[in-house]
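Two complexes come next, and they have one chain in common, chain A, joined by chain B in the first and chain C in the second.
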Partner chain A sequence: MKRSTRIRLWVIAGLVGGLEVLCRTEVIGRFTMIPPSEMILGLVRIVRQGDMNADIVATLGNVAVALVSAIVVGFLVGALLFVLPRVRRVIDPLLATYYAIPIFVFYPLLIVLLGLNRFPQIAIGFMLAVVAMIVNTLNGFDRVPQSLLKTARVYRMGRVRTTFLVILPCAMLYIFTGLKLAVAYSFIGVIAAEFILSGEGLGYEISFAYNNFENATMYPLIVLVIGLSALINMVLYAWEKKYLQRQTER
Partner chain B sequence: MSTVQAKTTPHAVVTGVTRVFPGAGGRAPVHALGPVDLVLARGEFVSVVGPSGCGKSTLLEILAGLQPPSQGTLVFEDRPVCGQVPDGVGVVFQENAAFPWLTVRENIAFGLRRAGVDGAEVARRVEHALGLMGLADFARSYPAQLSGGMRQRVCIARTLVMQPRLVLLDEPFGALDQQTRLLMGDELLRLWRETGATVLLITHALDEAALLSDRVAVMSARPGRFLDMVETGWPADRDSRLVEDPRLGAISARLWSRLREESLKAMSTGEAAR
Partner chain C sequence: MVTRSLLRPLLDAIVLVAVVTLAWQGLYEYAGDVALTPPLETVSLALDLLGSARFWPHVRETGLAVAQGLAIAVLGGLSIGLTLGIHRLSGEVAEPILVALYSIPKITLYPVILLIFGIGMPAKVAFGAIHGIIPIIIFSMNAMRNIHPVYLKTARVMRLGPLPLATRVLLPAALPEVFTGLRVGFALTLVGTLMGEMFGSQRGIGFMLMRAMGSHDMATIMSVTLLLVLFATLVSVALLVVDRRLHRFG
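For the complex of A and B:
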């Protein structure tokens, strides 16, 4: 383990330990926060009893749908804009300013349009994630060096082979950045939308517990959400390290 | 403009080639090259030297069929070249062009696989090239993990494994130190002798051109034309030990006397600063 990693783990352990002490000594009251150890035990209980399983499945399902559609649509739109530079010139400023808009203002509108069901939440997750994917796909294609394309021509490769064997692998590094952002954004979008208005899902359960002062449920659920996103990020990070980093490291 | 006559069978013939880049976005068109005429004889080693920005890379890309000439014609092995890189031509580019997502070995094998060469033969040729280029210990490394000079060797290796009949090299040793340059030059000469390929080498090192080539073409400042064609008269089995030969100095001196004024011209138009 690297020194910096070890120090980081100690810092986190220290913070959690400190919190534990503060909660146990009632410096932080039980109505504000329960001790971290109880959060973990609560989480174990929730998972054992399985009363939140439907919510976990609903949230993960919504995130998955939002994410996959954002990746597919974002990639296709990015590729399309790349081959249609005139359209791109028109769209570019919109993409650049997109994240200045708080997408959540459209949530009521989406509920009106789609009904009070899972689709508005999926739509919010999708809308947050898709542009990161478009922008990074475009960036990836832009960064394919001319010299690699010329090399493909020297090897007398056709358009299809050049696309699949040169352009895509080369752009992958940047497209993957879009993918990581899309994962984070779709998570944020779906869970936040569940928070605002919904009948199920982890976001809904957290907000429900909060409204009923059920700290024994709320904190374990927060830990669960953090744990899930950390897990997914670790998988992506490991994959990136294994396959992509070696292309750029010096 | 100087017309150059080949000694033996013509392999690649450039006739009246010019290249003008159309001015994009209101800028004036750039007359980058020509008109130039050049005949590369089969099995000949020709170098091109010229001031920065005079159109050397442009000439090479036109020869490779990667760019169309604005005027003039190009014939390779008795067939006109248009719009496609002809079979049998290998190119080493000025910029690093190794595929960053492939290992050194995969990079070298890439072209052979695309050409449908069978697996055993690919493996045999790749191993040979790895050894030849001193890359054997780095076969599983990725280009980003190599020095600039080694990356360029990967590009040379992957060009040579294709066994091209015409090899075009655009300042391939630019990233190497002087000692490695000399050794790589020897390696190139050896390969040239073994394969009988025709070689066109673009370089900015006058002594390198003088040492390696049968003939050295001197180009003017942009738009590049041939000012002079210097025959070196070296035997085919030459190598870097020629550095001791007083004739080498004489040839380099002649190249420089031709180039001095042109380089000054290029400097004053700001080409060299780019």
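For the complex of A and C:
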């Protein structure tokens, strides 16, 4: 194991342990936070009893729909803007300032437009994720070196072959960055929308437990959401590393 | 062609605004009065709102919260980020943790913050700050790391002391990236504060939106949303102009 990884594990263990001690000694009161060990035990209990299974499935389903549509639409729009530079120039300020706009302010509007069901939540996740995908797709295409395109021309490759054998593999790393952000953003969007106003899902259950002062349910659910997103994040991080390694080995 | 190069972005902006307005009007024709107000009416509603006495106390409240959250995010983010950038091992230890923190839905932490701070200003400020601080840390850490080694070697050759090294070499070299971090940090602090106001507050723009949502007051939702989007876009365009200029000279 690398030295930094080892130190990191110790740091995390120290933080969690410190929190445990503070909670056990009542420096942090029980109404504020329950000890981390109880959060884990509570999570095991919740998963075993299966009370929240419907919510977990609902949230993950919404995230999946939002994510897949954001990736597909984002990639296609990015590719389209790349071949239409005139349109791209017009839309560029919107792309550059998009993430400064609090997308959540559109949630009330979306509820009125789409109804109080799962679609406004999916829409928020989609809206948050899609632009990261567009921007990074464009970025990837922009960075394909001219020399590679010239080489493709020397080999008399057609448009389709150039796209699939040269441009896409070359842009892949940037597109992957977009994908990683899209995963995080769609998760954030869906959970936040559930939190603001909805009838099911993990975000809803957390806010419900909070409103009823049920810390014994709320904290395990928070751990679950944070754990899930950290896990997905770590998997993608490891994938990217592997991909990078293969690229440099070639 | 000075005039032409100045006119072009202006023309692009006009086209963009026109397209957005048309799409908005189209959506109105499709969805009707229940869902949204048409563009022209919204503009006049927004102007009314700007002239009304009930609006400004909320603006003040939100402004104060954003300013305090931003101050914490900037001071904390810069000092942590620059330190992690200089000390390579701690940077390596911290980076995956920071990236994971960036990608978790921080809204799930909102109940925790409310339990710690109670409802009111401190909770909003804390929520804004935890959104803004992480990108500032990540960007300033990378800014320090990516300083060209030649600069440092040259400084050593010239026998610069630590203070001139910091003010003459490190800061100017890191500034463009650090500024990008501040730009992203500002946007996220605003988003975080607004989200905080949507749940745990009795005042502020976010609270106004949440209340309007509860009473299905489309006029308020639409005009407040319009003003917010305009404000966020204007500030972020201004920051983006500075950002691009810094990067060009850097």
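FYI, the second predicted complex is superposed on the first by the 244 of 250 C-alpha atoms of A that agree within 3 Å, B and C clash if a C-alpha of one lies under 4 Å from a C-alpha of the other, contacts with A are read in each partner's own complex, and residues count from 1 in each chain.
Keep this in mind: a residue touches a chain if its C-beta (ideal position, glycine included) is under 8 Å from a C-beta of that chain, and two chains touch if they have at least 3 such contacts.
Note that this is a predicted model, so its numbers are computed, not measured.
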Open item on the list: With both complexes overlaid on chain A, does A:169 touch chain B (first), chain C (second), both or neither?
Closed with: first
Task: Per-residue touch tally on chain A - higher for chain B or for chain C - done: C
- [ ] Using the superposition on chain A described above, determine whether A:196 touches chain B (first), chain C (second), both, or neither.
- [x] second
Open item on the list: If we overlay the two complexes on their shared chain A, which of chain B and chain C does A:145 touch? Say first, second, both or neither.
Closed with: first
TODO: Return first, second, both or neither, reflecting whether A:188 touches chain B, chain C, both chains, or no partner chain.
DONE: second
Open item on the list: Is A:207 touching anything from chain B or chain C once the two structures are fitted on A? First, second, both or neither.
Closed with: second
- [ ] Using the superposition described at the top, list the residues of chain A that contact chain B and also contact chain C.
- [x] none
Task: Touch list for chain A against partner chain B, complex - done: 145-148, 150-151, 153-157, 161, 165-166, 169-170, 172-173, 246-250
Open item on the list: Could you list, by residue number, the parts of chain B that touch chain A in their complex?
Closed with: 61, 64, 66, 84-85, 87, 89-91, 93, 95-97, 99-101, 110-111, 114-115, 142-145
Task: Residues of chain A touching chain C in the complex - done: 3-4, 7-8, 11-12, 31-33, 89-94, 96-97, 99-102, 104-109, 111-113, 183-184, 187-188, 191-192, 195-197, 203, 206-207, 209-210, 215, 218, 221-222, 225-226, 229-230, 233-234, 237
Task: List of chain C residues in touch with chain A within their complex - done: 12-13, 15-16, 19, 27, 31, 34-36, 89, 92-94, 96-97, 99-100, 102-112, 114-116, 184, 186-187, 190-191, 194-195, 198-199, 209, 212-213, 216, 218, 221-222, 224-225, 228-229, 232-233, 235-237, 240
